[in-house]
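What follows is a short report on a single structure.
Chain IDs A, B, C, D, E, F, G and H follow the sequence of writing; residue 1 opens each chain.
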Amino acid sequence: MATEQTSDDTWTLAGRTLRSRLIVGTGKYRDAEQTKACLERSGAEIVTVALRRVDLSAKDNLLSWIDRDRYTLLPNTAGCYTADEAVRTLRLARELGIADIVKLEVIGDPKTLLPDNEQTLAAAKILIDEGFEVLPYVSADPIVCRKLQDMGCSAVMPLAAPIGSGMGIRNPHNIGFIVEQATVPVIVDAGVGTASDAAKAMELGIDGVLMNTAIAQAKEPERMADAMRMGIIAGRQAYLAGRMPIRAHANASSPTGGLIE
Amino acid sequence: MATEQTSDDTWTLAGRTLRSRLIVGTGKYRDAEQTKACLERSGAEIVTVALRRVDLSAKDNLLSWIDRDRYTLLPNTAGCYTADEAVRTLRLARELGIADIVKLEVIGDPKTLLPDNEQTLAAAKILIDEGFEVLPYVSADPIVCRKLQDMGCSAVMPLAAPIGSGMGIRNPHNIGFIVEQATVPVIVDAGVGTASDAAKAMELGIDGVLMNTAIAQAKEPERMADAMRMGIIAGRQAYLAGRMPIRAHANASSPTGGLIE
Amino acid sequence: MATEQTSDDTWTLAGRTLRSRLIVGTGKYRDAEQTKACLERSGAEIVTVALRRVDLSAKDNLLSWIDRDRYTLLPNTAGCYTADEAVRTLRLARELGIADIVKLEVIGDPKTLLPDNEQTLAAAKILIDEGFEVLPYVSADPIVCRKLQDMGCSAVMPLAAPIGSGMGIRNPHNIGFIVEQATVPVIVDAGVGTASDAAKAMELGIDGVLMNTAIAQAKEPERMADAMRMGIIAGRQAYLAGRMPIRAHANASSPTGGLIE
Amino acid sequence: MATEQTSDDTWTLAGRTLRSRLIVGTGKYRDAEQTKACLERSGAEIVTVALRRVDLSAKDNLLSWIDRDRYTLLPNTAGCYTADEAVRTLRLARELGIADIVKLEVIGDPKTLLPDNEQTLAAAKILIDEGFEVLPYVSADPIVCRKLQDMGCSAVMPLAAPIGSGMGIRNPHNIGFIVEQATVPVIVDAGVGTASDAAKAMELGIDGVLMNTAIAQAKEPERMADAMRMGIIAGRQAYLAGRMPIRAHANASSPTGGLIE
Amino acid sequence: MSGSMLQIVVNGEARAVESGTTVAGLVTALGLQREHVAVERNREIVPRAEHEARSLADGDVLEIVTFVGGG
Amino acid sequence: MSGSMLQIVVNGEARAVESGTTVAGLVTALGLQREHVAVERNREIVPRAEHEARSLADGDVLEIVTFVGGG
Amino acid sequence: MSGSMLQIVVNGEARAVESGTTVAGLVTALGLQREHVAVERNREIVPRAEHEARSLADGDVLEIVTFVGGG
Amino acid sequence: MSGSMLQIVVNGEARAVESGTTVAGLVTALGLQREHVAVERNREIVPRAEHEARSLADGDVLEIVTFVGGG
């Protein structure tokens, strides 16, 4: 059977050459075993993690079981509502020795978890000055994305829909504008709900997709990890293949001549 | 890397056990070489063909180069506008020794190529009486599909959109009704335009997808064949995995407790 | 204030010249008073009624309170699953003296209430031979609609979505095909849920809309009757006015020259 | 015929009590006559205007023919790319004696004409301090809208789609969030293309719609002005009436009992 | 005039009526306005003009219908 | 062997063949592989097994079909 | 009254006006209705009340604006 | 060396530790692997290299953090 992807379709993020275009989160899984199984089946090379106070009752620590030779950890700033909190969180991540690339996420509202783009811009500036490779979670707003890439972010990560909503791509048109103007990788982050959403996102010409809930909260997370891995590749290949034009009317696929009479 | 599909996810069509859920047409390709390459990369086990008067100027005949050990040929009745024409065409296919399973397609209008369901019902009845395994191309109409399955068709093949339009699934709701009531395989036939359409179709719980133009008229047909193969599997796996619920609001993927203060 | 509609925008159905393009049902209302109020506020000139066994316990009969000088009654065949039942029902309607125009509705399935187009075609033929002016409820299927208009139906009434579902127009593309080929009025029947659905239907170039549940089951039916009356006119006027083209990019509405510097 | 709207459905914007929920632009019309005719038929009480260098060759000035007793002029800052330009423009508008309420519009990109929300926030702060009643054109971003209303804007005006695109409401979900949290009127500004778009916008529970191109570039602008006036009222009334629930399956509108047997 | 009764079925329910009862008589006896109903007798429509003349027979099955609200 | 010719129609085109020509002979003469075609003669299928035996007659209308790429 | 001229810029175009010309004078000379325009002189708004009093100086850059149709 | 105790706050909870306790000592005492945590003392990061050397003072407020699963 043909291989899943053509070996030459790699991409570069913050100086790293990557084969997988799927970045996955490590939250909401039943346990470490399920997390590991899903990471493997997703084919991901980068996985997100959150920074929290140590839980003295926790039996094992993520850092003790995650395969850091295989996965690059991407610390996020989930739960931060101001630029200061986000910066403080990522400085601690750097002190932990895991901050080569960071996911900047400054939330503006607890109900929608939509980003506060103004605070995100402020935090990105500080972090870039401190030498971080910043991947900001941002609205599907071409103007803000352009400011972030011009400022020196290593990618822009517009959302498809609210975090954990699974609503799919709410504004493909704006994602298209962001791709048209992009000078850094465009990663759709949050809102993807199923494999066709992931494929559709890739068909917009983006470089990758970041997701967590869609895999972790599927009835069978391991199987959904497979589905997402393939959905991403399918969408990417379809984008590269160049889809057929959409026609308002029909167009026969069998010859219209040579019919018996 | 994980294999593309779990070996146990097979399906049965007219007594055949199949692994691939993608059925592809052989029309509109540049030449035999491109056709063969796309069939291979699609992973298809069944391919459609049309019956036409022999072209005395044709240098080679499809039957001389297509690998019949690998592919089951599915003769169609493209171009037929009445039950009689369709029946006559398939009797000739049977005389050619290639009519184990047949695609019944009775067109009602040259502009939309939408099916004439009334004529299709009439032809299906005759063909089933003559022992054919009938796969009818039909509107996404649960009532007609129920009649066809009750009559003894081996599958029902509702359309996603007009043949060759690439518009994707126009009426997912009706496809869902057809799946709910199905006693035979449901194959979405016609209208799929890109990989995410194929994945989305499979996520509706159908058994397979039949397409031709979406691959043959992509800028790079071979690559699109790959994309479709994987899109179909991705959608199928996502359906089996059971997607997350869609939420009107957000849902954090990182822990909401344990934040630094 | 400008008048609601231009006096010249009338249409003709089965020889009747009509000003209102909204046909409403009389089912599911709280009582006769509410029904009358909603009919008036809808501006309808034609209203549908169902034929049933007399209820000996009923205090008043619809025929005793509905204003037949103002409204043309349109008997339907709701609840009929065969051509015979539908024909029998409409012959009784004729005996009741109310069958100038009739709504032919042959249901194929109790869950979806989708039409059985095959039975509908059979019943239409009989009824037309008996001199009825037939308005058939039918799938949004251009092929069946063409057969019905060619057979002599006085209009075709494709559905927007299942009866009482309020899902809006599921298949605008097929409605468009039906309008393109129409030789009789096209009335969208069933599935409209709110005023924008009604406007959108009219913008497809159809001649009218038939609805019942969307008004009767709104929280305030009387107010929704107003909304629908205006939504229908708004959509019709927008269709006649010829909407602006949809653009992929923006287009300034203020002059781009003459800016201060 | 029933009146177009219930007299009690007024709303308040910056201290003004308004009956019409449609605000229209005055750009892109053939001439003053057509502009006046469209304003009248739109039923608008507020109309936008742009500030530009005087054109010494212009034969008449908008201020000489527009009926300022009937319409409140709403100066905009179209063409401004920075907070400074916008503030400078509106100070000149005030000097012209027409700046009771102002439309703040700071553009971030000439191709999409999407707003620069960061500059818009900065300009809003200055203008509010100077006593202006500020109506900001903004992304459909609940976080930015909340900041603007908290800052003291008199309304928030999220876009439906890019200015002059006529694509309709790209992100109804976010508009819904903005309405849920609103403490000031929500006016959808830009992107509406036809009457059903206007009705659909109002059905989201917003207070009004601002448009220009959809009327000015219709084939018959005067008729489209009628259509929009009624579409806005239809959508508003439907919102107040409370639409029926959307059902996945059908629901009969005629009695299911009492059928003949 | 005989006191003998006829057994008939009206809208699915068994009823007894005096022999000699006409369709019109039955409709009136049921408290219905004749112009508001149509009658089928043993699956055949009885034209309103014949309601007076047509007498019921033992075993007749009648459907008496009218219009109700519907969509 | 006679030199007389038969006028027939093959796939819509008039042709002349020697009398005595069989279906099989015609197919071969057209340069076709017999296992790749099916033949209708005057609207009736001629089973392949009979191609050798069946001779053509003057005025015969034949359809010779095969499979081509299609969707 | 002197015949000497001032070089000014009005809405981006160079113009020469007689020295002593006031803002009001310029506006009128341009054929504009004073109540229809606002004037910026060297980036500062000149309140209408001062149009009569304020004389132009050589090198002044003026913006004279009004309202036009816009969305 | 005195047996006197220091009152400190660790991740929001009051604790008492012996005076002279270092950051490294605290981390170890809590059963944590030093390479798995980062420490903030009174809002300032204590570089891991200084954990051994840095002694705690009465009233110190510490945040000890690590990574957990997140999206």
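Just so it is clear, a contact is a pair of C-beta atoms (placed from the backbone, for glycine too) under 8 Å apart; a residue touches a chain by one contact, two chains touch by 3 or more.
All of these numbers come straight from a predicted model, not from anything done at the bench.
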Moving step by step through touching chains, the smallest count that connects chain E to chain F is 3
Between chain C and chain H, what's the gap in Å when you average each chain's C-alpha atoms?
74
Can you work out the whole-Å distance between the CA centroids of chain A and chain C?
47
Where chain B and chain H are represented by their mean Cα positions, the distance between them in whole Å
64
Touching two or more other chains - residues of chain H
12, 40, 63, 65, 68-71
Residue list for chain B, restricted to those that touch at least two other chains:
25, 27-28, 50-53, 55, 76, 78, 92, 111-112, 114, 163, 167, 173, 212-213, 216, 248, 252-255, 258, 260
Every chain pair meeting the touch definition is listed as A-B, A-D, A-F, A-H, B-C, B-F, B-H, C-D, C-E, C-G, D-E, D-G
Write out the stretch or stretches of chain F touching chain A in their complex.
12, 40, 63, 65, 68-71
Give every residue of chain B touching chain C within the complex, in rising order.
108-109, 111-112, 114-118, 121, 139, 141-144, 146-147, 161, 167, 170-171, 173-174, 177
Residues of chain A touching chain H in their complex?
25-29, 35, 48-56, 61-64, 73, 75-76, 78, 91-93, 95-98, 163-164, 210-213, 216
Going by the contact rule set out above, which residues of chain C touch chain G in the complex?
252-255, 258, 260-261
Interface with chain C, chain E side, in the complex: residues 11-12, 30-33, 35-40, 45, 47-48, 63-71
